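Both complexes below contain subunit A, partnered by subunit B and then by subunit C.
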Partner chain A sequence: MTGGHFWSVAWAVAWRVLHNVFTTPSLLLPGLVFPLFFFTAFAGGLSRVDNIPGFDFPPGYTAFQFVFVLLQSAAFGGVFTGFGVARDFEYGFARRLMLAAPRRSGIIAGYAIAALVRWAATAALLTVVAVLAGMNVGGGGVDVVALYGLALIVSLVGTLWATGVAMRLRTSQAGPVMQLPVFLALFFAPVYVPLDLLTGWLEAVASLNPVTHLLEAGRSLIAGSPADVGLAFLIAAGLAVALGVWALRGLRAAERAGA
Partner chain B sequence: MSLAAQIGHIAQRSVVRTLRQPANTVFPIVFPMALLAVTSAGLSAATEIPGFPTDSFLAFFLAFPFIQGALFATMNAGTDLARDVQTGFLNRLALTPMRGAALIAGQLGGIALMGLVQAIFYLSIGLAFGVRLESGVPGAVVLLSLATLIAIAFGALGAFFALRTGSSESVQGLFPLLFVLLFLSSMNLPRELIETDWFRTVATLNPVSYLIEGVRSLIITGWDVQALALAFGIGSAIAVLAIAAAAWALGLRMTRT
Partner chain C sequence: MREEHGIEAEGLVRTFKGDIRAVDGIDLTVAPGEIYGFLGPNGAGKSTTVHMLTTLLPPTSGTARVAGYDIVKEGPKVRSAIGAALQEAALDGLLTGREHIRLQTALHGLPRRERPARADELLSRVGLTQAADRKVNGYSGGMKRRLDLALALAHRPAILFLDEPTTGLDPQSRTALWQEVARLAKDDGVTVFLTTQYLEEADVLADRVGIIDHGRIVAEGTPAALKAEIGRPTVEAIPRDGADPAEVARILERFGEPTGASPKGIAVRLERGAQQLAEVVRALDSAGLEVEHLQLHAPSLDDVFLAKTGRSLEGAAEEAEEGQG
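Entry: the complex of A and B
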């Protein structure tokens, strides 16, 4: 049991997933296209929302929505990877993979690496579209790097969550179980307007939702006035550690089930 | 067996098969409701935009689940029909006296029933959370009829793709295309309040905008004859064209087998 074994398994799994995704349009396109749908619908269709009294975000509504869609694409990139894990179990590939892998935790790492590379392609496309759409960026280089770094950790969090679910349920029917909590966590945050313009139950829920801190920190970075960035990274890292344990325990559950 | 009995059997099979797959029944109900909840709460401040037609964003956005639910139902039904092609069920059916018209009508009957049940659910949720239907009880009947027509129209599209491609993956690949039509419509704001020129143009050219606006008019306006005529006209046109296309695709598939 060496680190070499771990990484050889991780790279092999990552390579296989990436090869499958980038050579199969039906797997590649949803992850690329859905964030663009959301970005277009929100930034284009709702641009008048920045005329609401009290809405104050100097870079404009396009940048305001870009941060949300960037984080959403990161989280959902992980969920889409989870769909692949479930499919691998359903078709029996995961069983052969577990038999062949000298260090099985490398399997999770491999899926996570693949998810990060896959999300990087989505983020690049989304960024190009946003810039072409005239997005203003108030932050400097460090702020932008921090924003993408934060999104990268969110992608890892999404992957670890979905992988944990896939390894426990081992069926493609588990898709909604992976998707819905992520969807709700993202949308129970200040998606369309800042937190101080929310009212009612959503304002109460969003105030308690950790994703709100990630979103507000990301928006402060793109605006060039960083606020609570350390807290956001701490929350993201904490979620990654907790869900890493969740995914590893899922792996053990799959081993016990003889998958 | 009479044509009506054949249609009844296929419709029953379509409904039972949908109900037996929890993902196919729960998701079309939960997902639109979740999006309705978060969007209506998140965008409630949008009612302060000058010219916004109502002071309740929930009432304004309630039209959205009717269309999104129909899309989900369509994809599920289309995927099931494609699976029938893939597994050879359609070939075995071709050996029986079952008529092609019964297959399509039965399939669409099942979709219409599921669409109606979903629409009643969405409407009940809206009313339970304080939405007042400006068109009253007769408007509710018209709304449910329109929702059913929309489900049939999209269902026929799904059936056409299923029969033409014979692949459930291909039918699922249609989902992003239909989803883009939904997102590039007037679902979030009235067209006259959309600030971005190209988006407003696309939303105006997009037939889904008129389906949404027809449903919405019954909820927030009352009896808007133009909006209803456009919604029923476009819904019927899609349904007729898609049913004709599905019948043609079924004919080809039967010839091949």
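Entry: the complex of A and C
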């Protein structure tokens, strides 16, 4: 019983999820359309934020919002994958995977691989639209790669969180439980303006919110003036490890329940 | 494919919330290459036992080894050695039959180059070649069952678990599945653990039968031995109009003691078994007695169930349904 079994399970699970997503418009489109909607609504509708005194982001508001939507699409891409995991348990398909997979941890890896590939498609489309919309990129190649790398880890974090919930609750009704904490973590960060321009309780909450560090590091990368990038990667990697344990324990809970 | 190890379970127990003991201390041994029929009504604990043996559900207590591996400590090795088609075929409606086999062979790590040929072979074996590239959403219940069997065989398992495989199948599909299961055991040496609530299925297929009721095995043995254990066959005659029933009864009682019969019938339990039937016919004929109906009733597994539990399998099924309702 080797790592070979782990990877054969992971690739098989990933293949099935991606096959279904890319051949079923009702599964594919929400993940693509929502980020584009948020991007055009935020970057277009709030473009005058650029003129607010104290708003100092050289690449402009489009790039400022692009980073948020990129990270948001990464996190919610993971949540959408969690919806699929919950559906698999609810409709019994997970039982086939649990029965056939010699190494069951490969099932989590498979869902995660699928989520990352799915998000990569979303990110590519979002990037094309942003560039067509005239987004300025101040950072060089390394900065941009780092930005997408950070988003990739965020996608993994979202997937592991949602998968852990799905494996514990094993019903589609678990959707809000997967979604709400991610939604709150994202929107209690400096979404529309930099942290410096927030005031009161929102500023206090945003300062404590780890997502703020990810967002600000991402924006610094696209601006070409990296700041606290190491801390952001450390936070993202730490969350990935912690939620990896969360997802594995979720798998054990599903095993105990006889899912 | 024949394995050295079959299935061994000792004191297997599974309780659920509310202290419900679905499986209440099962001991069983299934030899390699044997077809073991696990017979019992709905709710008797058959599926829970299968779920434990296939590592889907951990036992509350007790131990079991499948293909020589401990079901709790060596789950991955057990799963590599077994195939299972459970009561509800877990299929993805968005995939075709062929894609399901591709997925299953990939999950088991079958080399990529072998997968297409294996898919063709399995689809042909279960008669789904024509429907191979159709989405499973459009399959009938019988087609889904057949695909599920093909998936269970994808990695050439040494031990096959079939949980009520013919429930809901038409007679033709049922017979085809029986033939395939018998072939797997005979030609490929596959050990088969088959749960069923159909007496005929256990009788036709199983080398040995375990009868389960309320989570416990109440009888175990070959179908013939179990039936022999509860007694000799009976013969029942319904006299034709004009034939004297008392005279028919007198003749029949020469061959065994009277036993319960239908309202117009007369029945005796044959002292020396079914071989006496010809003698009964000759005796009635010599006496010039005509009968409308003459039936030899060999003990069935239902009679075994009745003898061991005090109720018939059909009655037990109804009882279980009422309990669930």
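Following the convention adopted for this analysis, the second predicted complex is superposed on the first by the 259 of 259 C-alpha atoms of A that agree within 3 Å, B and C clash if a C-alpha of one lies under 4 Å from a C-alpha of the other, contacts with A are read in each partner's own complex, and residues count from 1 in each chain.
Rule of thumb we're sticking to: a residue touches a chain if its C-beta (ideal position, glycine included) is under 8 Å from a C-beta of that chain, and two chains touch if they have at least 3 such contacts.
All values derive from a computational prediction rather than experimental measurement.
Colleague: State whether subunit B and subunit C clash or fit side by side on subunit A once the two structures are superposed.
Modeller: Partners fit side by side after overlay.
Colleague: To make sure I follow: the centres are taken over C-alpha atoms, the vertex is subunit A, the ends are subunit B and subunit C. What is that angle to the nearest 10 degrees?
Modeller: So the angle at the centre of subunit A is 90 degrees.
Colleague: After superposition on the shared chain, which partner residues are touched by A:Tyr192: those of subunit B (first), subunit C (second), both, or neither?
Modeller: first
Colleague: Tell me which partner touches more residues of subunit A in the superposed arrangement, subunit B or subunit C.
Modeller: Between subunit B and subunit C, B touches the greater number of residues in subunit A.
Colleague: Given the touch rule stated above, what does A:Asn136 touch, subunit B (first), subunit C (second), both, or neither?
Modeller: neither
Colleague: Pick one for A:Ser47: touches subunit B only (first), subunit C only (second), both, or neither.
Modeller: So A:Ser47 only meets subunit B here.
Colleague: On the A-aligned overlay, A:Thr127 touches which partner chain: subunit B = first, subunit C = second, or both, or neither?
Modeller: neither
Colleague: When the two structures are overlaid on chain A, which partner does A:Phe37 contact: first (subunit B), second (subunit C), both, or neither?
Modeller: first
Colleague: So, does A:Leu202 touch the first partner subunit B, the second partner subunit C, both, or neither?
Modeller: The first partner, subunit B, only.
Colleague: Rounded to the nearest Å, state the minimum C-alpha distance from subunit B to subunit C in the superposed three-chain model.
Modeller: 14
Colleague: What residues on subunit B touch subunit A, complex-wise?
Modeller: Counting only subunit B, the residues touching subunit A are 21-23, 26-27, 30-31, 34-35, 38-39, 41-46, 48-49, 169, 172-173, 176, 179-180, 183-184, 187-189, 193-196, 198-199, 203.
Colleague: Would you pull the subunit C residues touching subunit A in the complex into a rising list?
Modeller: Listed in rising order, the residues of subunit C that touch subunit A are 51, 54-58, 76-77, 79-80, 84, 86, 88, 90-92, 94-95, 99, 103-104, 106-109, 151.
Colleague: What residues on subunit A touch subunit C, complex-wise?
Modeller: For subunit A paired with subunit C, touching residues are 1, 4-5, 8-9, 11-13, 15-16, 19-20, 23-24, 92-104, 255-256, 258-259.
Colleague: For subunit A, which residues count as touching subunit B in their complex?
Modeller: 25-26, 29-30, 33-34, 37-38, 40-42, 44-49, 51-55, 173, 175-176, 180, 183-184, 187-188, 190-193, 197-202
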